[in-house]
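By written order: A, B, C, D, E and F. Residues from 1 in each chain.
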Amino acid sequence: MRPSGRALDQMREIVIEPGFTKHAEGSVLIRCGDTHVLCTASVEERVPPFLRNSGQGWVTAEYGMLPRATNTRGRREAAAGKQSGRTQEIQRLIGRSLRAGIDQQALGERQITVDCDVLQADGGTRCASITGGWVALRLAVNALMKAGDVITDPMLDHVAAVSCGIYAGQPVLDLDYAEDSEAGTDGNFVMTGAGRMIELQASAEGATFGQDEFAELMRLAQKGVDELVAAQRAAVS
Amino acid sequence: MRPSGRALDQMREIVIEPGFTKHAEGSVLIRCGDTHVLCTASVEERVPPFLRNSGQGWVTAEYGMLPRATNTRGRREAAAGKQSGRTQEIQRLIGRSLRAGIDQQALGERQITVDCDVLQADGGTRCASITGGWVALRLAVNALMKAGDVITDPMLDHVAAVSCGIYAGQPVLDLDYAEDSEAGTDGNFVMTGAGRMIELQASAEGATFGQDEFAELMRLAQKGVDELVAAQRAAVS
Amino acid sequence: MRPSGRALDQMREIVIEPGFTKHAEGSVLIRCGDTHVLCTASVEERVPPFLRNSGQGWVTAEYGMLPRATNTRGRREAAAGKQSGRTQEIQRLIGRSLRAGIDQQALGERQITVDCDVLQADGGTRCASITGGWVALRLAVNALMKAGDVITDPMLDHVAAVSCGIYAGQPVLDLDYAEDSEAGTDGNFVMTGAGRMIELQASAEGATFGQDEFAELMRLAQKGVDELVAAQRAAVS
Amino acid sequence: MRPSGRALDQMREIVIEPGFTKHAEGSVLIRCGDTHVLCTASVEERVPPFLRNSGQGWVTAEYGMLPRATNTRGRREAAAGKQSGRTQEIQRLIGRSLRAGIDQQALGERQITVDCDVLQADGGTRCASITGGWVALRLAVNALMKAGDVITDPMLDHVAAVSCGIYAGQPVLDLDYAEDSEAGTDGNFVMTGAGRMIELQASAEGATFGQDEFAELMRLAQKGVDELVAAQRAAVS
Amino acid sequence: MRPSGRALDQMREIVIEPGFTKHAEGSVLIRCGDTHVLCTASVEERVPPFLRNSGQGWVTAEYGMLPRATNTRGRREAAAGKQSGRTQEIQRLIGRSLRAGIDQQALGERQITVDCDVLQADGGTRCASITGGWVALRLAVNALMKAGDVITDPMLDHVAAVSCGIYAGQPVLDLDYAEDSEAGTDGNFVMTGAGRMIELQASAEGATFGQDEFAELMRLAQKGVDELVAAQRAAVS
Amino acid sequence: MRPSGRALDQMREIVIEPGFTKHAEGSVLIRCGDTHVLCTASVEERVPPFLRNSGQGWVTAEYGMLPRATNTRGRREAAAGKQSGRTQEIQRLIGRSLRAGIDQQALGERQITVDCDVLQADGGTRCASITGGWVALRLAVNALMKAGDVITDPMLDHVAAVSCGIYAGQPVLDLDYAEDSEAGTDGNFVMTGAGRMIELQASAEGATFGQDEFAELMRLAQKGVDELVAAQRAAVS
């Protein structure tokens, strides 16, 4: 049995609240159970040096966790003077994932920065960031299109992510913190609305895993992403 | 006329939502008009080195602004590798202000860290942080008292803060960003529920000011703090 | 009685020695009792990015304390790898204060950096830095005018600063370290030669204060600034 | 056809030279084609704080690339003042992978740090680091066992890693730089000698991928790891 | 002819003013012509970790240059966030030099930190720092002996330093900035009162040098150090 | 007797292996006994700001030591976030030394960066870096000349370096670590192929030294440099 009482293939409740803050071109508060992430998408009419005068745009992401998003207070990274390896790894993943869902040529030579700040954490913050970040990005691109700055929709498909893992010997979908901290294998699956894969990461923690177990995790992930994409669709319609 | 259409001595709407996040001993989302700050109070059973074995507690504060809390995206301080001088100045002010409202002896040898993270900014973020931070602190102390860890209530009085300034030649209460960026003089007033002063800061920006103008700012501040204290009282009751 | 035996409204002896070092366009060693600060003003024919091609100049300040300016050796900030929050807060105050006394348009598109380095500290270093920094700035502007680089005198008035506080229950003028470390309320007052206010900061440390007490501090500050302005006038004549 | 002329499932030549440096408890120069990594394993009789007095040991890794290991000179991270996100991500991966192959209890309360420094890069440096790092670790553990400091062999199985990707539409094994920089999908597979999985990472770069493609990558990876494990076995026997 | 009109073997005027600041156990302002360095010696009853419980003391040094000590303003190292390589090289030299003149056993398990801060620079700041730093150290040790904390005088001999170089083809003593910036060879000589050598550094800048030239530089240095030692003796008597 | 059994004026075996890595314009692995340094020379068609449009080139150096190059593992500087004072001192020395052997005008407006990374240390790493760095530089310049980018050979003479010191009361040549850590005096001598001096550094560690001792160290150094230059000549021919 899962600590939350959920079925093995049951997601936590997903609530997506668009327009949570007013300044960003796109903003959303996503709640995956008790994991709450504020995602904003900011459009800037400049690109990184390697893309200047290329006509191509760029999507990048930054990730942060408020010090008391977690059960015990973590050190504020700005005070520590650097972002942890974990933070950098996560924000690189979010950026790669969202870029896979956009046509950089159609976006035009501008940058969209997706900031994902975890207000409350209960496992799966990177996946919630990708799923919510896509919505913020979608809203920002909608604004660009409405303003006539972008003509052809550059968004190729939905991008959403979910974690799966082996908890108490059983493959389960959408790990919360209680499961995540005990899981023998933990994976993150980033997929498109059409079910194509963008990024797979699976990591043994304590026990190695076999190909059959991995196949089951992927099956669960597919189910979860379908539900997330439906929630995204509802939020931006 | 003020850009918002408010009367000269009219505050923005104050909304205080306790328990906005679940992990912190005290947490609150305070909204002063379009300025929204998430304040959490975290209790730790340790104190800074200079207080060890003194039997006294400590209250400190950290402040941050999400990159897109503002109209144009600001650089993430964790990525920049340091907190700006402005951030440090603000968090020192919040800490001093909250410490003035607590009996460190009665708190006992523990530390409460109040994190104030601005989700959306429209002027007056440091004042909202103090006012909201006090509520988070009050909630955390209530929890300590309920648990029997603190016997005598260490909270001496309410602490709240408001900004006043001279806008378009007129003293006005509770500056929003449109006013703040144009004000000739800008001041922050931190006071107790009983109307005693904890911290005054007034700064000429472009034009100097006289004693009579300052007296009027203080009168306005007193009115504003009274309203903030009433809102605090309602929130924690 | 004050530890130094001074009257409640008595300043420490002020000695201003212009030309203490030879390279800077303006330099001065200011001694306020045992607080000694070396202030230099450096002219550079460039401005910060936000003023480029604006025709306006800029005055900024940096502050430092030699490691053994104090009773016990402090860590060298260059070795620590960053300036403390206190240092940044002070240098921001000095810069704002001096800018309030200068017409940036008349200065022309150049920057003057005022460096205030505390050789020996005995309380009131930020006030001595402002008072001495103004003299260094005045000397540098004189040099610019003599060279014909600046035509209209951009200096609007004197700028000087003094601290006042409530020590042993009594409002006193010009706190030294022995008083400062014990004072219940501590304030810094930056004013012009004409008695207009530029910046007020008052902070309760341990005890809150009332409006009548603050009014008395301001009266003392006015007296102190008058004496400081007279000393500035003598030094630059 | 692959740029190197290799068959789709053909590894580059693997050369493992144990004892390349003399100070480390275990050291090896691993050459996977033109990718050359110096791996050293250093034993220290202390553990991170979270393991103190636990009786358990720890294996961690650090990764670096010499500035001119690559075709154009990269900035020295020590001069830049921080490790890049990429570096941190890689060294976290190496550490996790090697820890999965060791029984921390049997190792005893000591730490082994595996340093992987890339002398020359031609793609696949993280995989070469894991494969070579395991040999260095094996040698260091052998030394501990020979000295009687460790009684039961804590090494559970071989750990080796290889990259696979989709290059020019074809799944290929062991990408070199020419392939890696053009691949549509790129994955790293860390496995045990018994063929169990420790870590999977696959990332779409430009094009998404399907489940069947991923299955073929995994099949190739299995073949590559088998060859790497054979080379490890030869090197440490 | 030298720019200053000095003879080839003529030192600049040396003025040593002990007790320039009041807090340090030893303090001195040393003026070697227009090079002015404030040196303070601070005693602390602790030693670096590698000397704990050894009964031995430690002498270390830190060096800094005020931003406008030079002809054009240099960046403040505390603001830059690190000490330059030049600064670190100089303070390591000062520390080594002063340690060579003290019996660490006789000093007892305490640390003396000599801070050398250049108020005005005109060449030879590291040499002035060593010469002045020795006086500050002597005064601090005198205080320790007077207080009975140190019984046997740990100071073995005077330590002083001077620069020599080849300017316009001629070996000259005690280079000022005008000479230093043009010299083909530049050397620093740290010696004891008895004429023994502690540290030699000679560097070709533009032209290499031969053994005979070096011998002449050493002869000049000996003459200069004799004069510096006489000035030290006068200052501490 | 020396720990290694060498004669007082006997060098360690010198092995210079050109072309150790493939990407750099010049690369060499130099082995001076058990001290092994990988030196690469990288050509870039840009110069530091102070040389732009001057027509002159620049040679600079960076130095690093792999964490386990030494007997006990040292902290990785990239992880520590800064280069130590020692590292900076050494790389400044290498850069100055190599620049003394090149005609910057003939090199043309380009920069060559010589990276010296110590793979294994046994004393004398800075000298090995200079000697090996010169070979890497020579190879890179040869490549530039072969490509027709440089017409007149800018290399003026060989540059090589050796350490000498007083060990167990005896002047000895080419200190290894066992000697270096015990030596009373330690010096580094950088010379040209023609026997002219570029840089001398001698430092007393524990005992001061006299002029006659220094003369003997210089005689030994001359002998050592002659042998190093012969090895350089063989390596590049």
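Observations, loosely collected:
Keep in mind that, in the parts below, a contact is a pair of C-beta atoms (placed from the backbone, for glycine too) under 8 Å apart; a residue touches a chain by one contact, two chains touch by 3 or more.
As the structure is a computational prediction, the values presented were derived from the model and not from experiment.
Set against the C-alpha centre of subunit E, every other chain centre is closer than that of A. Among the remaining chains, D is positioned farthest from subunit C, on the basis of C-alpha centroids. To find the repeat of A-D among E-F, A-B or C-E, check which pair has over half of the same contact pairs by residue number; it is E-F. Note: centroid distance subunit D to subunit F, computed from Cα atoms, is 33 Å. The distance from the centre of subunit B to the centre of subunit C, with each centre set as the mean of the Cα atoms, comes to 28 Å. Averaged C-alpha coordinates put the centre of subunit A at 50 Å from the centre of subunit C.
Measuring from the averaged C-alpha position of subunit B to that of subunit F gives a distance of 59 Å.
Under the contact definition stated at the top, the residues of subunit B that touch 2 or more other chains are 81-83. Order of chains around the touching ring, counted from subunit B in the direction of subunit C, is B, C, E, F, D, A. On the subunit B side of its complex with subunit C, the touching residues are 82-83, 85-86, 88-89, 91-92, 96, 100, 187, 192, 196-206, 208-211, 214, 218. Listed in rising order, the residues of subunit B touching subunit A in the complex are 20-24, 27, 34, 36, 38, 40, 42, 44, 62, 64, 66-71, 73, 76-83, 87, 113, 115, 117, 119-121.
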